[in-house]
Structures are given as structure tokens and as C-alpha cells.
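Next come two complexes built around chain A: one with chain B, the other with chain C.
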Partner chain A sequence: MTILQVENLTKHYVTSGGYFDGRGETIVALDDVSFDVRRGESIGIVGESGSGKSTLSRIILGLERPDSGRIVFDGTDLSTLSKRELRAICARIQVVFQDPYASLNPRMSVRDLIAEPMEIHRDILGMSNAQITDRVAELLTLVRMEEDHMHRYPHEFSGGQRQRIGIARALACKPQLIVLDEPTSALDVSVQAQVLSLLIGLQDELNLTYLFISHDLAVVRYLCQSAILIRKGKLVENAPIESLFDAPESDYGRMLIGAMPDIDPDRSPFRLKSEA
Partner chain B sequence: MSEVVQSTGSAATRSARRTNWARGFYRFRQNPLSVVGLVIVVLLLLLALFGEYIAPYPEHLNGELNVANRFQPPSAEFWFGTNEVGQDIFSLVLAGARISLLSGIAVIVVATLIGTFIGVIAGYFGSWLDEVLMRFTDLVLTLPALILAMAIAAGLGPSIPNMILALALAWWPGFARMARGEVLSTKAELYVLAAKAQGGGNTRILTRHILPNITSPIIVKMSLDVGFAILAVASLGFIGIGVRPPTPEWGVMLSVSRSNLPHFWWTAIFPGMAIFLSVLSFNFMGDGLRDVFDPRARR
Partner chain C sequence: MSLLEINGLRLAMRSFDGETEVLNGVDLAVGENAIAGVVGETGSGKSLTGLSISRLVPTPPGRYLGGTIRFDGQDLMTASEEEMRRLRGRQIGMIFQDPTTNLNPAFRISTQMVDIALNVAKSDPELIGIQARSSRRARRVAARQRCVDLLGQVGISDPDTRIDAYPHTFSGGMRQRVLIAMALIGQPRLLIADEPTTALDVSVQAQVLELMSSFVRERDLTMIFITHNIGVVAQLCTDVSVMNAGRVVESGDVRKVLKNPEDSYTKELLSAVMTRDTPRPARNRAAAGAVA
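Then we have the complex of A and B:
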């Protein structure tokens, strides 16, 4: 069953021109991008810097409006909604950002950070402060942290712990779709693995759908059932993960997969020519 | 760091707010100078409130003269000596704390409110509103603050509230520019984007995310500026706008005693020391407050 449909999404940015000529340059961030996401699935969105993958996530999160095309979430077209209705949808689509240091307000305690989405959507959830605090404790346990941690501040935690606070915050309103914007790329490799396995565990437990934005193909392969490749705003490939890795259809896909370092040293792209 | 963590071991049983206060005070104590500053500021504030009741010669505060005792050097009887009309300088300095400190603080509080409001609105909403508000701020900033305050005070008529208003109206642009700059950098932070992505409105983002993160530079600037505002109050008193003799005020006392220097040094030294001490202690206290309000600023 489809939870998210992205149809013919296009977004241009116009850079501000100089004082004298007044004309800006047009940058195509997204060009006619369409794909579907099934409920309970993880889809990887892979592209290099500047490919438009961040723009895509910002549009899905409602932070920006597309120039044309539409996003259908669970049967409702987001562009037809009023501001109030769109706010209600925000509770069901949540995000975990790449940088766990910058995405948590340093002046807020962990309790307030995780409680924030519940306070914002209090009109929908109808929770009292005590219920919110209980839910924060529950969420902290869910992301394998301790209830006591709720009285501390973000700077007292490591990167992996902060990212788990970010995940707890994203889970607070029981969302259906979570946009993971390179959630592990700022972390150590060992911590990455912990966070990834936590994400997989949560997905099974809570029946979540992940939109996993990354430039790390190995991580995408580990977490996702299918992936789309974006380059210069265009969707170049949309395939199940195994067929993407076994037989990429696009040149870009072949290039990306060819560039992946292999565990087998004989097949590594970094091997010396003489050894080949 | 480790002490902070240990001190909150039983945090679950205490309220989060009390824990924050305890932690804030812990950070404040880390710098002994901040504590010294705080103690002196508290003493000065107590003097500002009760100084005239503990003055040894309260009659001198109402303008009573004792010409027979003029220019007595500091002694057990007159701790800070006496001035050209025989009034006890210790009593005058005690009583002067009220006008000097409270008007200095009032000027800064009013200026901060005006300046922060304008700066935050300009920085957060941007576009034409920013342009209009900041050009107006620049305009006020181009006028010399003391001259502007003189003009406003002269227009409003000489009284202490008018003097405070006049100084505040000349003082706010600095706060507006600083607040705008802080808002511009804070609103680009990822946690503000995160709040927007969760569906948070402008009010929540401003009050929960932006204002708490710009308070520390504002508080530091406030505590620095209180000292200068005390000086500005004294300057206005010197040129006869605002506080006038015989109302005891440090700046007025200092300017009157100029003609007594260098022979009767105590008439100038003690009011001057009072100004010096208050500027210094507000500075020290400001540093301590910054440590409390900014968990990221670690030494």
C-alpha cells in the first residue's frame, strides 16, 4: 500500500542578481521527479551534494513549496491543504537531521526537546503535561536511553546519544513517515551501526516508513528495500535494492556502484594497477 | 563537567527547574570574580533601596549645611570627610546609590526592551520590515547619544523619569543591532528548521528557540552598559539636566568637587570610587551570568 506519492515534482531557485543587471541565474533543484513509497518500506534517496535530495526532503516536510507537481501523503494532496491542516500532517511526517549537534536547541532540556512536537500538536493529541512527561520517559526507553536523562541538556551527551534524542523527538507524535536526512553521516562508524540497528528495530516495532536520504550506498543497501538515484535534479534510477546493486540500469548507477570500495581487496577500486 | 553530572544523580526525584537553578549557581560559582561582582551588586542594590535610612547624617541629605565643618578630611566622625558646605560625604554616597544605580539600570532595561523588540522583529521577519527598522536604527545611531539625550531631556523638561526616558531613547539602537545580528545567525540554526518541520509557529520559534539563544549576549551587554549608563546619568546631572544638586547623586557630587581638587581629594575620590565599583561589579556579574546562560561557553 502506498503511503507517499511524489508526482512530477519540480523546483527552481533563482539566485539574486547583482545590483546592476538585476537578473538572477535559475538553478533547477528538482526536475519532474516522481516516485512512490510503500507503507513500512525504507526507500533510499541517493545523490551527490547539490543533486536536489535535500530540496526533495524539504518539500516533503512542508518547509518549501514546489513550483509544480504534487505530494500525496496517505491519500491527501498536500498542496490542497490549508495551513492548519498542513500543520496537522506535520505530526505524521517527522524528520531526523544529519547533524545531532546542531539540530537540538542547546537551551532546552531533553524532556522539553522530546516534548516539543507533542506540545505543538497538543490540539490534536490532547495530552496533559504529565502525560507528555510520561511519554518522554517511554520514548527515551524506546531509543535505549535512561529516563533520568530527560533533565539533562544536549551538550552533556555524545553524538550517538544526541542522535537518539533526535530519533525520540521524531517518534513523539507516532508518525507514519520519517525522513532520515543522512542521520548517521556525522557519527563514528561504530556508533553508526548502533543507530542503524536501532532504526531497523524501531521500524519493525512501530511499522514506520523511512525515507532515507544518503550519499552512502553501503548504508542504503543495509537499511533500504529500494532506492532512487537523483542527479542534477533528475531522477535517474528507481529500483529495488538488489537489482540496483546487481545490475544498475543507468550510467550514473553503474558509476556509483563501481566507485564503492569492496571488502575484497582484489576487487577494490583502490588496488594498485600492478596487482590487477 | 563530571561534578555537574554527579550533582544531578537524583534528578528524577527533583523538579527539572530546581535542578537547573542548582546547576546555574554551580556554573556561576566557578569564577570567584563573578561572585565578588554579584556580592557588590547586591550590596549596592541594598544601598540603593535603604541607603538613606542607614546614613549617619540623614539631615545632610535634605540639604542641611554645616559650614563650620567644611572640608574635614576622612576621620572616625566623617568616614569619607565632608564637602565644601560641611555635609558628610559618606551619607551622600550612601544615598546617591539610589538615583545613580536605579536610573542607570532603568535606562538599560528600557533601552533593552525597545532595542530587542525592534531588532528581533527586523531580524526574524526580514525583507522590507528589516530594511525600514534598521535604517531608522542607523539614523538614531548617527546622532551622538549624549547630545540626543540632552535634546530629548531638554524638550521633556528636567526630571528624573524624563532623563531616564531620554537616555533610553538614545541607547536602544545598540541593542537593536545586536539583537538583529543574533537573530539572523540563530534563525539559520538547524534546530529552528527542526521546529518548523514539526509544525511550530512563529511565536513558539521566537519565544522557545530564538530568544533563549540570544539572551546571553544581551545580558552581557546590559551588565556592561549599566556602568556606562550610570556615567551618562552623571553627565546629564553635570550639565544640569535630570538630577540637580543638592539631590545626592555620584556624578553630580563628582562634578561639583572638581573645583576642590587636588587639595580636598576626598570630595571627589569617594563618589568616583562608588561609580568605579559599580561599573566593575556589574561587569564581573555579567561575566558570571554569561557562564550560567550559555552552557556552551566552557573554559
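Then we have the complex of A and C:
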């Protein structure tokens, strides 16, 4: 069953232009992008810097309006909604950011950080402060942390723990769709593995849908059932993960897969050259 | 004979909670013309080892508790600041992770590069092809020419005009190429690259690695490549040292270490790396029917 439909999404940005001539250039961030996401699945969105993948996630999160095209979430076209209705639906679409060091306010306790989304959406959720605190404790257990961690501050935690706090925060309003914006790229490989297995466990347990933005194809392959490749705002490939890896259809897909650093020294293109 | 030999290097850092030993006995030997990878996780001490070689760790808060660093027979731990300044840039070049913060946005690339070239020429005028007594103008012209040549060699098209651009007009990969060119001005014998491709896209990373490996092959260059990306080490390096908690836990030929690791930490680290062959996790979910 489809939970999210992205239809012919287009977004342009106009730069502020040169210092003197004042004429702006138009940058095409997204050009006629369409794809569907099924409930309970993970879809990888892969592209290089400047490809438009962040613009896409910002539009899905309702942080930007598209120039044309529409987003249908769970049967509702987001562009037809009023501000208030949009805010209500936003509780069901949450996000985990890339850098757990930058995305948590250092002056807020863990309890307040995780409670914040519930306070923002208090009108929908109707939770008392005590209920919120209970829910925070529940969420901390869910992301495999201790309940009494809620009285601490972000600086007391490691990168992996901070990212768990970020995940707990995203889960607070019981969302259906979570946008994961490179959630493991700032972490060490051992911690990355832990966070990924947590995400997979949560997905199975809560039947979540993930939109996983990344440039690391190995991680996308591990977590996602399908992936879309975006280049210069255009969707160049949309395929199930196995067929993408076994037989990429686009040149871009072949190039990205070819550029994945392989940990087998005997498969290095540079080494073969230098030893020849 | 090793070009660089580190023995039992110990470094402590002062903080509010007292002193913490961050390097506790690092041993590292880098042979001539090797590409030595140093891998480890955050806080393992790999960057501090790199910085120690060019003695760029500020003391205080750092304090060396012991150990030696010998570069080409010379003990760097006892070298004076004056001697170190002669080595840096000339004998030992460095490339850092973030090309955006390591170029001054307020100056043209040419200004920043020519500056280095002129400085190098003070001690070794032949490097830019002039005599010791050349006029100031001749020195400048020669220094600029050398920089333009190097930019061309690192793959920047139209270097003659691009050199006068400001850093913000270059992409990340281009900036990293500029930094590589800068590090090569003094024709160093040892190049220390600290996470030089971490901030780059995979396709650009592949190009930069290709460039670096060709330089090591074609010039008389030895490189220490500090990274947390084991895939990059496997592709580029001839040797590798794995660091954990301020110590080298395993080192040797890259094939030996990556294919038949002996140390338990190395094994764990390698098993945590995601590759295109990592088995995908078994999923058990209520809505399994929806996943086809």
C-alpha cells in the first residue's frame, strides 16, 4: 500500500545574482521528480552534493513549497491543506538529521529535547506534562537508553547516543514516515552498525516507513528495499535494491556503484595500476 | 630503511578533569615510497599522531611524555622550532580534511599559493627555477609559473586564469586539488594527508585518490594517509596501521592486515564495515506481505 506519492515535483531557486548586475540565475533543484513509497518500506534517496536530495526532503517535510507537482501523503494532497491542517499532518512525518552534534540544543535536557515535538503538537496529542515525561521514558527505552538519562544534557553523550536521542525525538509523535537525512554519516563504523540495527528493529516493531537519504550506497543497500538515484535534480533511476546493484540501468548508477570503495585490496583500480 | 620511525610516542592532553594520555606508546614505521594508511575510530589518536610528526600539537595543552619520532634519521622531538619550520612544507607536507576551512576565502588562490612558493624559494631557489640572486620580480613570476604548472598537474583546467579566482568559485573536489597542489609546491618527501577525501562525494573521492596514487608513483614521495574509511585504505595504501585508544594495535602489509587480521579489534572493525557484499538483515515484521 502506498503511503507517499511524489508527483512531478519541480523546484527552482533563483540566486541573488551578481554583486553589480543584480540579475539572478535560475537553479533547477528538482526537475519533474515522481516516485511512490509503500508503507513499511525503506526507500533510499541517493545523490551527490547539489543533486537536490535535500530539497526533496525539505519539500516532503513541508519546509518548502514546490513550484509545481504534488505530494500525496496517506491519501491527502499536502498542497491543498491549510496551514493548520499541514501542521497536524507534520506530526506524522518526522525527521532525523545528519549531525547529532549540531541538531540537539546543548542547553536543553534530554527530557525537554524529546518532549519538544509533543509540546509543539500538544493540541493534537492532548498530553499532560506527566504523560509527556512518561512517554519520554518509554521512548528512551525504545532506543535502548536508560530512563534516567532524561535528566542529562547532550554533551554527556557520545555521537551514537546523541543520534539515538535524535531518533527518540523523531518517534515522539508516533509518526508513520521518517525522513532519515544521512543519520549515520557522522558516526564511526562500529556505531553506525548499532544505529542501523536499531533503525531496522524500530521499523519492524512500529511498522515505520523510512525515506533514507544518503550517498553511501552500501548503507542504502543494507537498509532499503529500493532506491532512487537523483542527479542534478532529475530522477535517473528508480529500482529495487537487488536489481540496482546487479544490473544498474543508468550510467550514473553504474558510476556510483563503481566508485564505492571496496575493502578488498585486490579489487583496487589504483593498486593494479601501480603494481603493473 | 624507514623514512619515518615513531617509537613509543606518548602524548597527554590537559583538560578540566586533569591530564589524559591520548597517545600511549605509538609505534609506526613508514618506508620510502610507501603509502601508509592509518585507520581508527574517532578519538583513537590517528590525527594527533599525524600532527605530532610535523610537531603541530600545541604544548600546552599537550605534553609529550616520551618516545621518539625520527624523520630521515633526524629526531623531530628534540628539533628546534626553527628547524621544524624548515621541514614543514619543504620536507613534510600536509593536507587536511576540510578544503573549505583551509583556504582563506579573502584571498585569491594565486596569492595563497605564490606566498608558499616564495617562502620555499627562500631556502631552495632552484625549486621554482631561479637563482638565489634573482630580482624580486623574477622570483614572483617564477613562483607563479610553478603554481600554475602544479594546478595543471592536479587536473585544474585553464590554470593560468583559474589561479586568480577566489576559493568560493571552486567546488569541493577542486579545492582539495588546490590543497594538494599547495602541499606539493615544496616537493616534500613525506606527505601527511589527514582525511583528505572525507568531505567529498564518492565519485570525486575516486578522482582525488587516483590523483594522489599517481603522484606517489611518479614522484619520489612517501605518504601517510589518515582516514577512518577502510575502503579507501584498501584501494590506495601499501601498508596499514590500525589504531585504537592511542596505540597501534596492528600494522603491516595492507593485504595481510585486511585479509587476515590477527588483532581482535581489527577483526571487529573490519566486520562493522558495510560493503556491497554485506548480508542484508533478516526482516521480521507484521506487514511482511507488503514487502515484495
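Here, the second predicted complex is superposed on the first by the 262 of 276 C-alpha atoms of A that agree within 3 Å, B and C clash if a C-alpha of one lies under 4 Å from a C-alpha of the other, contacts with A are read in each partner's own complex, and residues count from 1 in each chain.
FYI, a contact is a pair of C-beta atoms (placed from the backbone, for glycine too) under 8 Å apart; a residue touches a chain by one contact, two chains touch by 3 or more.
None of the values given here were measured: they were computed from a predicted structure.
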item	value
Fit or clash between chain C and chain B when superposed on chain A	fit
Which superposed partner A:L217 touches (first chain B, second chain C, both, neither)	second
Which superposed partner A:R152 touches (first chain B, second chain C, both, neither)	first
Angular separation of chain B and chain C about chain A, which is computed from CA centres of the superposed model and rounded to the nearest 10 °	80
First (chain B), second (chain C), both or neither touched by A:S109	first
Chain B versus chain C as contact partner of A:E48, first or second or both or neither	second
Which of chain B and chain C A:L61 touches, first, second, both or neither	first
A:H121 touches, of chain B and chain C: first, second, both or neither?	first
Which of chain B and chain C A:D74 touches, first, second, both or neither	neither
Per-residue contact with chain A, leading partner among chain C and chain B	C
Lowest inter-chain C-alpha distance for chain C and chain B in the superposed arrangement, angstrom	6
Chain A-touching residues of chain C, taken from the complex the two chains share	41-42, 172, 201-206, 209-210, 213, 216-217, 228-232, 234-236, 254-255, 258-259, 268-270, 272-276, 278, 280-281, 283-287, 290-291
Residue ranges of chain A touching chain C (in the complex, touch as defined)	1, 38-41, 48-49, 159, 188-190, 192-193, 197, 200, 203-204, 207, 215-219, 221-222, 225, 245, 255-257, 259-271, 273-274
Touch list for chain A against partner chain B, complex	61-63, 86-88, 90-91, 94-95, 97, 99, 102-109, 111, 116-117, 120-121, 147-148, 150-153, 155-156, 169
Of all residues in chain B, those that touch chain A in their complex	1, 4-5, 8, 11-12, 14, 16, 19-20, 189-191, 193-201, 204, 208-209, 212-213, 295-296
